[in-house]
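Each chain gets a letter, A, B, C and D, in the order it is written, and its residues are counted from 1.
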Amino acid sequence: MTDASRPARVTRLGPNQYGKAETRVVRIVRDGATHRVKDLNVSVALSGAMDDVHLSGSNATVLTTDTTKNTVFAFAKRHGIASTEQFGIHLARHFVTSQPSIHRARIRIEEYGWERIAAPGAGGGEHSFVRTGQETRTTEVAFDGGGWQVVSGLRDLVVMNSTDSEFWGFVKDPYTTLKETHDRVLATEVTARWRFNWTDEGRPAPDWDESYGQARRHLLEAFADTYSLSLQQTLFAMGSRVVENRAEVDEVRLSLPNKHHFLVDLEPFGLKNDNEVYFAADRPYGLIEGTVLREGAEARIPVTD
Amino acid sequence: MTDASRPARVTRLGPNQYGKAETRVVRIVRDGATHRVKDLNVSVALSGAMDDVHLSGSNATVLTTDTTKNTVFAFAKRHGIASTEQFGIHLARHFVTSQPSIHRARIRIEEYGWERIAAPGAGGGEHSFVRTGQETRTTEVAFDGGGWQVVSGLRDLVVMNSTDSEFWGFVKDPYTTLKETHDRVLATEVTARWRFNWTDEGRPAPDWDESYGQARRHLLEAFADTYSLSLQQTLFAMGSRVVENRAEVDEVRLSLPNKHHFLVDLEPFGLKNDNEVYFAADRPYGLIEGTVLREGAEARIPVTD
Amino acid sequence: MTDASRPARVTRLGPNQYGKAETRVVRIVRDGATHRVKDLNVSVALSGAMDDVHLSGSNATVLTTDTTKNTVFAFAKRHGIASTEQFGIHLARHFVTSQPSIHRARIRIEEYGWERIAAPGAGGGEHSFVRTGQETRTTEVAFDGGGWQVVSGLRDLVVMNSTDSEFWGFVKDPYTTLKETHDRVLATEVTARWRFNWTDEGRPAPDWDESYGQARRHLLEAFADTYSLSLQQTLFAMGSRVVENRAEVDEVRLSLPNKHHFLVDLEPFGLKNDNEVYFAADRPYGLIEGTVLREGAEARIPVTD
Amino acid sequence: MTDASRPARVTRLGPNQYGKAETRVVRIVRDGATHRVKDLNVSVALSGAMDDVHLSGSNATVLTTDTTKNTVFAFAKRHGIASTEQFGIHLARHFVTSQPSIHRARIRIEEYGWERIAAPGAGGGEHSFVRTGQETRTTEVAFDGGGWQVVSGLRDLVVMNSTDSEFWGFVKDPYTTLKETHDRVLATEVTARWRFNWTDEGRPAPDWDESYGQARRHLLEAFADTYSLSLQQTLFAMGSRVVENRAEVDEVRLSLPNKHHFLVDLEPFGLKNDNEVYFAADRPYGLIEGTVLREGAEARIPVTD
């Protein structure tokens, strides 16, 4: 049996949090024969007066992770799921305001998209769905009893420009063998997070769904429109486009792996490869990460990559 | 060091094959400023006169897996990629007809879909793409120098009916605790393979892309249209719909994991759950697998699940 | 709503099976303070008189997948888990003999290994475990009411010889660019399945655990001992070693991806790479698959790769 | 084409970094017939004077990610791989001191373990290896030209206590349904990172390999020895054990998913489940994260979970 009193002399507790991760809740709304579906993966992390449970094992201040899971299901019924952000706000407020020992809640949500199946038969199209399978929508809501921080985003969005990308003029050191190119494929799998400047519940909140749809659109359009001399330039253009067009967003952080498409050397086979045949490589990959800020705003999205 | 002569007395070689798996080839077609993209994952498996290489290590009859990879890239240039099926046919024919030691080739291809990014800027929309992310298209082409067998299909297509599914009247044995239900969510991740009755190169081949699009449509529509009393019934309806509507298909094999959506008990929280809040479970899952045949056709798709 | 009578005219039902996949059962045996743990992933597949459920949705012959899951848990208590094979035999026999509609059962089991944590404190070592994390042990038991077929094996076992491997003398065709080598790294991730000649319950069964341990040992030793001129040669040596040394095994099927380790060209940096620095590549990879048979035995393990 | 001058008025660049991720380098050391192997996955992230590349696409200050990959391979030859930490130090120092535009380098390394195959044949045991498959060793070395920060650790280490774990006395709110228990299975998959107090290259560095082995041992022993009233208590005991016993470590951060093992209700089948049969669940899972600090030390490992 451990002797909890002894380590306390040499060590102390630092930052900590706990909660139930990855509760998969699906909410069906039945509007007569027409159904709508919200499909979420919810992760709760709570922190506060948790010294005792670490030092002695006393659970007197611990709302169990099982309870946080139950709350996710109950709130899906009680409040519905208007949007990932609004659902996260309901949950975070509840944990912080209902338990004295909990001083901060962080709710992470992934949303999987569904679209209707267009079926000619009776009824199918109104309650039949196929997963879109494209990007995963994300949000992270944090609340400490005072202000709010909402960081939404997406991941798994794979994009490619088959031209209008160059890469040259870089540093040459003794380990540089890369050839310069004036026409390459540029492909990446976008992970984006953007921070809303909404922090005060007294102010009207953004239209979360509209904001998401527009931010996604601007990311795609900026990627497509940018004649790229480097993936960093494309990253900055993508983040800027969102900040410029969405007044509710002050900060965008992007993580863009360079999904390399290497031109295959077909000369040994007597063939010319005029930017037609590529090998899509897995590893290693360039990884470009950066934050774009509205002038005057501070970087608050953690550099967790 | 192994003594290759000794084992030969007790053991002999059974079925075997080899080749390069998962060559990721991307083919760009440039029609002026408008580009098209084909994105494939190609796996080659060859078999034939391969006793020596197993027994003595002599590679005299071995076309290396590196060469099969090179051939994939070279053929993407030489023949283009009209469809996964046609590309597989080119490859299989080449290996069997060009090497006396190779008696059979099996080409497996996965195709990842891309759609254009609708961007208002100049040019973007013509060479900018986003991965659809939905189902993966598959094909398997086998050729032994005589006849052909082409089995195409898809996987990763996730579908859900939020009603019009019941499950009752099943066997009750001493280990049965499941309650009957007359309204449940039915969701699955479709893996489908369908066998074409085209086997003779002298006959005109199907329009592979049209066939794929229509088979996919019929699977989705049959899933949506079927009022389901069991996932087996839905499976048979889906397979039948393809066979009935596509004369070029004689056999459909489906593997349908039951992606369970369990109704959450909200009564402890004073809430009624009127088929609104579900827990989407991962494991375990029911797995329903079956083949639907055209009357008179034989089952030839292997039961590999 | 589907019209089940119509498809029946054009289509018919082919091979089919169903059951609960991936039931994760952990069985603790408490021998006083000393505990033992068995950690399994069990997948049940049943087939038999299942035409009605496919054609009309009638579940009158269907033992639900939920019941097969319950049976796995109940049998872990009732019979214990002496070995994966013995546990599978209990389950398969039960389903076939207790339900007239079930004519065949196939039980697949994965086993995850645990070893004791050597801790100096009181008690820990007797009920504290760390997962070995190496290979996953597998078995597949099939029973049709008459004979048995047991195919055991392993997967995820990654091995490497850093020398004593050559590759030369292969076919050169117009697409061949690979250089011959007389000293390469040979690495693979072993998937092996071996078929027991025990089929009749009237005969004594093998000592399943002893058999597994010895087969695993022979695979590793044969891989290490074989001076390899091709991965096919190594494959045959590995399979033969098991058949030669284990009288209870008649057939071994191996699937050996060639985990390529490419020698990095360091000359541009003024360095000599004397078989010291390698790039471990992911895709594409050579894939070598083959069966080794005892003389007189037939190949019965399906070529599912 | 993007207009780089326009966004610069509304937005500015925040924190950013780039480099090649996941370079898989394998280093063989040949000591006569006896070989040793180091198998690493190296990710480089560089930052510094990178405004221009983001704003204009000029690569004049960019050492390409391809070059950072080449450097990894070259350094594996030039310096060898004495330990993951030492290898990371060589790389980080090189990037920061050789390129004026690079002000900070962060090197992340994963190491996969290999052990010798004990083979009776000639030679095998000296150059034949099997991957241990247990934990992955990790390190993260950061250097900004002044001080060093080295954070090492492990992940994927799965442990279980089959008894000596209780959970009771927790908060009951309206969403609490969990029953208290005085004997449960406690299992987790350990991710641990520990920060060394070595920051000054002028001071002797720790024996990195000895430190790793001992930290790993203390984590395992503390997990096994701790009679647990909560996973938080176990977490604190594990972190404290390392800090108490390893003077070179000032901070330990642990992320411990609660791998729930739910006791199966066997009563419907007339069976008593006396803590013998468990269902090992996947999702959702409790997630307990926390930092243990040496008295007087500051928390510097980022809370990235």
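As a working rule, a contact is a pair of C-beta atoms (placed from the backbone, for glycine too) under 8 Å apart; a residue touches a chain by one contact, two chains touch by 3 or more.
Keep in mind the model is a prediction, meaning the values are calculated, not measured.
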item: Option reproducing the contacts of B-C, where over half of them reappear, out of A-B, A-D or B-D; value: A-D
item: Interface with more contacting C-beta pairs, comparing C-D to A-C; value: C-D
item: Where chain A and chain D are represented by their mean Cα positions, the distance between them in whole Å; value: 22
item: Whole-Å gap between the CA centroids of chain A and chain C; value: 37
item: Interchain centroid distance [CA atoms averaged], chain C/chain D, Å; value: 30
item: Of all residues in chain C, the ones touching two or more other chains; value: 1, 23-24, 70, 74, 122, 175, 177, 225, 268-269, 282-283
item: Category of the chain touch graph - line, ring, star, complete, other; value: complete
item: Chain B partner contacts - residues on chain D that touch it in the complex; value: 1, 121-122, 174-175, 177, 268-270, 282-283
item: Sites on chain D touched by chain A in the complex; value: 1-2, 4, 7, 9-24, 43, 45, 50, 53-67, 69-71, 74, 98-99, 101, 167-171, 173, 175-178, 222, 225-230, 232-233, 235-237, 239-241, 243-244, 251, 253, 257-258, 283-295, 299, 302-305
item: For the chain C and chain D complex, residues of the former touching the latter; value: 23-30, 35, 37, 39, 70, 73-74, 76-78, 114, 117, 119-125, 127-135, 156-164, 185, 220-221, 223-225, 261, 264, 266, 268-269, 271, 273, 275-282
